[in-house]
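Only one structure is covered here, and it is reproduced in the block below.
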Amino acid sequence: MNDTKLKVYSLSEIDHLKVHGRTTSNLSPLTLFWTGSAIECQVKGSELWIEFEVDYDHYEPWVSIIINEVPVSRQMLTAGRYWVCLFRGMNESVLKNVRIIKDLQAMNADSSCSLQVHAVKSDGEFLPVKDKPYKLEFIGDSITSGEGAVGAKAEEDWIPMWFSAIHNYSTITAEALNAEYRIISQSGWGVLTSWDNNPRANIPDYYEQVCGVLTGDKNKALGAFEENNFAAWQPDVVIINLGTNDGGAFRSPEWRDETTGETHKQRLNEDGSYNEMDLQAFERAAENFLVKIRKYNKDAHIVWAYGMLGIPMMPAISRAVDAFVKNTGDRKVSVFQLPITTDETVGARNHPGILAHQYAAKALSGYVKEILSAR
Amino acid sequence: MNDTKLKVYSLSEIDHLKVHGRTTSNLSPLTLFWTGSAIECQVKGSELWIEFEVDYDHYEPWVSIIINEVPVSRQMLTAGRYWVCLFRGMNESVLKNVRIIKDLQAMNADSSCSLQVHAVKSDGEFLPVKDKPYKLEFIGDSITSGEGAVGAKAEEDWIPMWFSAIHNYSTITAEALNAEYRIISQSGWGVLTSWDNNPRANIPDYYEQVCGVLTGDKNKALGAFEENNFAAWQPDVVIINLGTNDGGAFRSPEWRDETTGETHKQRLNEDGSYNEMDLQAFERAAENFLVKIRKYNKDAHIVWAYGMLGIPMMPAISRAVDAFVKNTGDRKVSVFQLPITTDETVGARNHPGILAHQYAAKALSGYVKEILSAR
Amino acid sequence: MNDTKLKVYSLSEIDHLKVHGRTTSNLSPLTLFWTGSAIECQVKGSELWIEFEVDYDHYEPWVSIIINEVPVSRQMLTAGRYWVCLFRGMNESVLKNVRIIKDLQAMNADSSCSLQVHAVKSDGEFLPVKDKPYKLEFIGDSITSGEGAVGAKAEEDWIPMWFSAIHNYSTITAEALNAEYRIISQSGWGVLTSWDNNPRANIPDYYEQVCGVLTGDKNKALGAFEENNFAAWQPDVVIINLGTNDGGAFRSPEWRDETTGETHKQRLNEDGSYNEMDLQAFERAAENFLVKIRKYNKDAHIVWAYGMLGIPMMPAISRAVDAFVKNTGDRKVSVFQLPITTDETVGARNHPGILAHQYAAKALSGYVKEILSAR
Amino acid sequence: MNDTKLKVYSLSEIDHLKVHGRTTSNLSPLTLFWTGSAIECQVKGSELWIEFEVDYDHYEPWVSIIINEVPVSRQMLTAGRYWVCLFRGMNESVLKNVRIIKDLQAMNADSSCSLQVHAVKSDGEFLPVKDKPYKLEFIGDSITSGEGAVGAKAEEDWIPMWFSAIHNYSTITAEALNAEYRIISQSGWGVLTSWDNNPRANIPDYYEQVCGVLTGDKNKALGAFEENNFAAWQPDVVIINLGTNDGGAFRSPEWRDETTGETHKQRLNEDGSYNEMDLQAFERAAENFLVKIRKYNKDAHIVWAYGMLGIPMMPAISRAVDAFVKNTGDRKVSVFQLPITTDETVGARNHPGILAHQYAAKALSGYVKEILSAR
């Protein structure tokens, strides 16, 4: 290999690199926090490499490589600092669009888990990446983290291999609409509580931070807890796909904080219906989340899109959205039911499979398209 | 990472490893020559790694990793000797089926190109891989090498990235029939000549060797030119998908061997039809190939499956098969037309895309199923 | 033809005839009022005819003939009393299931329109029709009347030919669930008003009658305005697909009763949003309709299924359902969003086409299946 | 009904009526012999009726009505002379394209079976029917007669109800290519013999007649046995879909003519293969049929399209086509394999169902499109 012809660039040296996903302004190195976070470039050259630095205690990150809009590679990134080849042997005079996408959610469960990019090397030149006409932000749980979109139905391990940013309704929707997008998601989390009633495992509390769902000093040093720069990236539409874990909490045991003794439980009535007070707590949390989202996204249409794993919380979500509209006079909020996952479309770990994500994206992109065309 | 718990095994140490694809008996290391060649194991353990040794001048090999029948990773293998992690963090008491598949054809164009496997390491144990009830052998050209099955339609570079053993009618057919399979294929080659009239670039001359389409001393040392051990693996059905390049030769310029001055050209008549003598040469070559295949596969049904890029050679193929049946009395040979690739199903480099491979596999597997059920 | 072997039976003579759809107890003749209304029989014989009596001023009825679950004929029925052959020349010793389905909605716009059945004739015997395990009632507008499910996209005439009970989400859903079903539907009508603001063109006011949406003395004589015998047929699930015309009313001109001078108009605010008071009137009407449906169907689960032509009224529907649950404590009511009709799935007259009905049925039947399995 | 506004036209009175399918020049009345035969008109009017005259001993004809390219009605025509309404109540100033298609093959098994058209009546005017750019002729057996394309899989009766000209690969292919078409077909017949070895039940012997497969004095009087006017309608492509019954004959008992004692049997060898002499007789018959088709269609490309019910005769068909090319130098003949019918696509009576016809049409129309674009 004639490595001699390849020139190494730190990320800050390249004018025309595009970073996708919430992160800090630090490019030395760049940290990719969220699933779907990516770097994108237009390269005229025969060869391109990327230098990763990877760390974790338990859960290793994965990446997918997309060349000219087509996925060509998906691989586990084991710990260390090393170069990965993105392409080689191509016609040096032809322009390529390349995206390297983090294929794993931010990992609250592993404070050591990080994926960083130090540099790229190539024999070619970097040209401007064309902006897309729309911006979408997706906020969700395991569904939006693409949990189970890869892997056999029988798989039960909770491991990074089964997560996918690519075969994910969010990415497919964004592609169908020719939109840039960001994903804020965490498996198991909800609006008010997690699936197991933990009131701290809620997305809204961390929405204003770069990646507040993470923990630990290392992530603090990486800037995960800084305030996100909302001014720099204002979405046209925010899609919230939360509520599934809040619904599950009603059927899960009480959560207890072993250190403080604090407990929480979303309760069922004896007849199996949801306890009214607990349901109202969810609704207030949902309404408050809308208020917070609106605070940071003045012009966005907000769609609460729900239903890929059933619709038990739909009435409560509708009421919350309704209350928000009534209390604020803000009409740019709506509810959209996503198609349910079936035996034919289910993936690993009883989560939506590729087909379920494709169907959801087809329905959602049709709906969002109308919203975008009305703006 | 607690690498300490992982134990390294040379391939010959593992009782229950299954090797797919023609190769030598050497396991120290194992050479994977053909696309679709693979090693398969049943592992009860939490983690598994594989040690590759990779070399090439121009064209790097790729591999796909299949866990419990589902592709989870596809990656370029750059030069060197190193470990790749296949899975980690899984439930150690659950059995996994793992296949590592070479995703690139044997590379006649690069005598340095090789992919070898030295060892695996795991914290688990290796259990017997279940035999599948059928065996299929596919013989073909770029179509059977899966050229263009990955990548955007606009791609024009002839590089390994666009080849696929996975999104390939051969693999999909084998899976649909629950069959083991082997692939013998080379882009551009034919029965009599290559697409550019080279009479040496024909598959039949090399059929009896382990991987005779390769060249060079290194491949000789690896055993590529040894006689294949046919007794060890007798297919139920041999599928020949050749003729596309022989047809193309009629429309390509004359081939000339610069050293010997030797030339060859399959000629067109003035009215655009095929020159009768040259067509007959093809037919004799096809018939002779059937004789050779039968010599080494006494009981196999032979299907000449053709048509994914058009059917101009179909009459000649039919005549060749007919002549074989008439001259030998051997009726276990038939012709099957594969569905043509359309604008909707085409992939990169004007070759069949994933959809074209899926359609072809659907048609072919239906046909082969009948043959198998009649055996 | 040997008519001599055929024996004529008045409907009341046959023990095992099954009548589908709301009607009176009169079988001499039987009146089929609603779309999807049908007679069904199990015949062991070679030939079967049916005697219709048909009348109308403007809009002729159509029927579809279903043999062994497969549609074999669809025809216009012109005015008169005459025999139509359903099958002939079949094996006399084989049992056939035959359904003759009215393929046109009750016609409020034509008080003369009627379809009656006097008799059947056959050379065979009539055996019991097997009961299906579930019963569904569909209540809707033009969507549920299958308007536009037949015919080219360019068609604009409002004529019976473009209506279909067969290629209709209601029928397809019922078949997918192996359920009997009834349809109550009227094009243009709503919960509070029709698409053109007529407050009398609402389904709820007529729900308790056999077929109250009809008019005129003839229909009175036929029993259309009698109270329906709810005790005789209690559905497991009632599906309400109303709201589309109520939404349209906001964008249509004021309705005026020329004789009384009475007017009505659902108003838009200046910013294009719905007038709050008018929207609340809709919500009260929707809630009251739920109260009425519950009165007559004590055990049914009620699903408000909406969305095939957009979801502007979804928040209001959700609030209405919510208010009903809150005010009654009755939890067997839910909202389900149906997939929207797209350019690819639209039919004649800008209404859902066959594909749109199939997609809606796939989504709805999945949802209703869960409800039925939880009963 | 205001019949008074309707004016009756004998067919010969209308300038712009288009007749599809082989028939005589007689329009008083017009006889529709073959399946797919049709009359087509462009009407600007609100209402249109057609006057049929129908006769049969056993097998009644069926028709389908197509308005603006969409099937709206399909009905059995019982014996008699009567009017059928094609449409009514439509906008009188809009132009409609209307086709009335015979949905049943010519019935060799019932010499009394006939379908004639005497007149039409309308309140509108008849405008020119636009010519389509291509002409296709289909020659076949039960597959091309659409036997089993309608009806449940369990149906076993051989009755007109299960035949379809509409859900037929020939009609679907013609529509995909925007072509006029004619069908020559007869269930059970072949190139050399019928499925039961009757050497008289072969299509080639009757090809030059208007509808020579019929029998009896009535059909003679109707002109069925006259020489077809080939000059008046020259196809661009002739598609022959024969061979399935010739293949079946090898596995059926000997045919015997009870009056002459003559017998015929296509024989199997002991090992289950086809008797060489009998197979050659088929091949000669096939080659001779090509000679005859060419005689009457000087410029047409001829495609032998075969395979919807398996491909056992494919080698023999290929040889026959090959021999024709060799003996005549005529290269405008080719063989095309149609996709086989599967469990998922089968219809009634073990024949291709709607899906099988759609798949076959998709493959065939792609192939014929290339031929047409090369002309």
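Think of it as A, B, C and D in the order they're written, each chain with its own count starting at 1.
Note that a residue touches a chain if its C-beta (ideal position, glycine included) is under 8 Å from a C-beta of that chain, and two chains touch if they have at least 3 such contacts.
Keep in mind that this is a model prediction, so the values were computed, not measured.
Q: Farthest from chain B by Cα centre, which chain is it? Let me know.
A: Between chain B and the rest, the longest centre separation is with C.
Q: Rounded to a whole Å, what is the gap between the Cα centroids of chain A and chain C?
A: Inter-chain centre distance comes to 44 Å.
Q: Would you kindly tell me how far, in whole Å, the mean C-alpha position of chain C lies from that of chain B?
A: Whole-Å distance between the two chain centres: 57.
Q: When the C-alpha atoms of chain A and chain B are each averaged to a single point, how far apart are the two points in Å?
A: 38
Q: I need the residues of chain B touching at least two other chains; which ones are they?
A: Residue numbers touching two or more other chains: none in chain B.
Q: What chain-chain pairs meet the touch criterion?
A: A-B, A-C, B-D, C-D
Q: Can you list the residues on chain D that touch chain C in the complex?
A: Counting only chain D, the residues touching chain C are 1, 58-60, 67-70, 72-76, 78-79, 85, 87-91, 94, 150-152, 154-157, 159-161.
Q: Please name which positions on chain A make contact with chain C in the complex.
A: The contact residues of chain A facing chain C are 271, 273, 307, 310-311, 314-315, 318-319, 321-322, 325, 331, 334-337, 339-340, 342, 363, 366-367.
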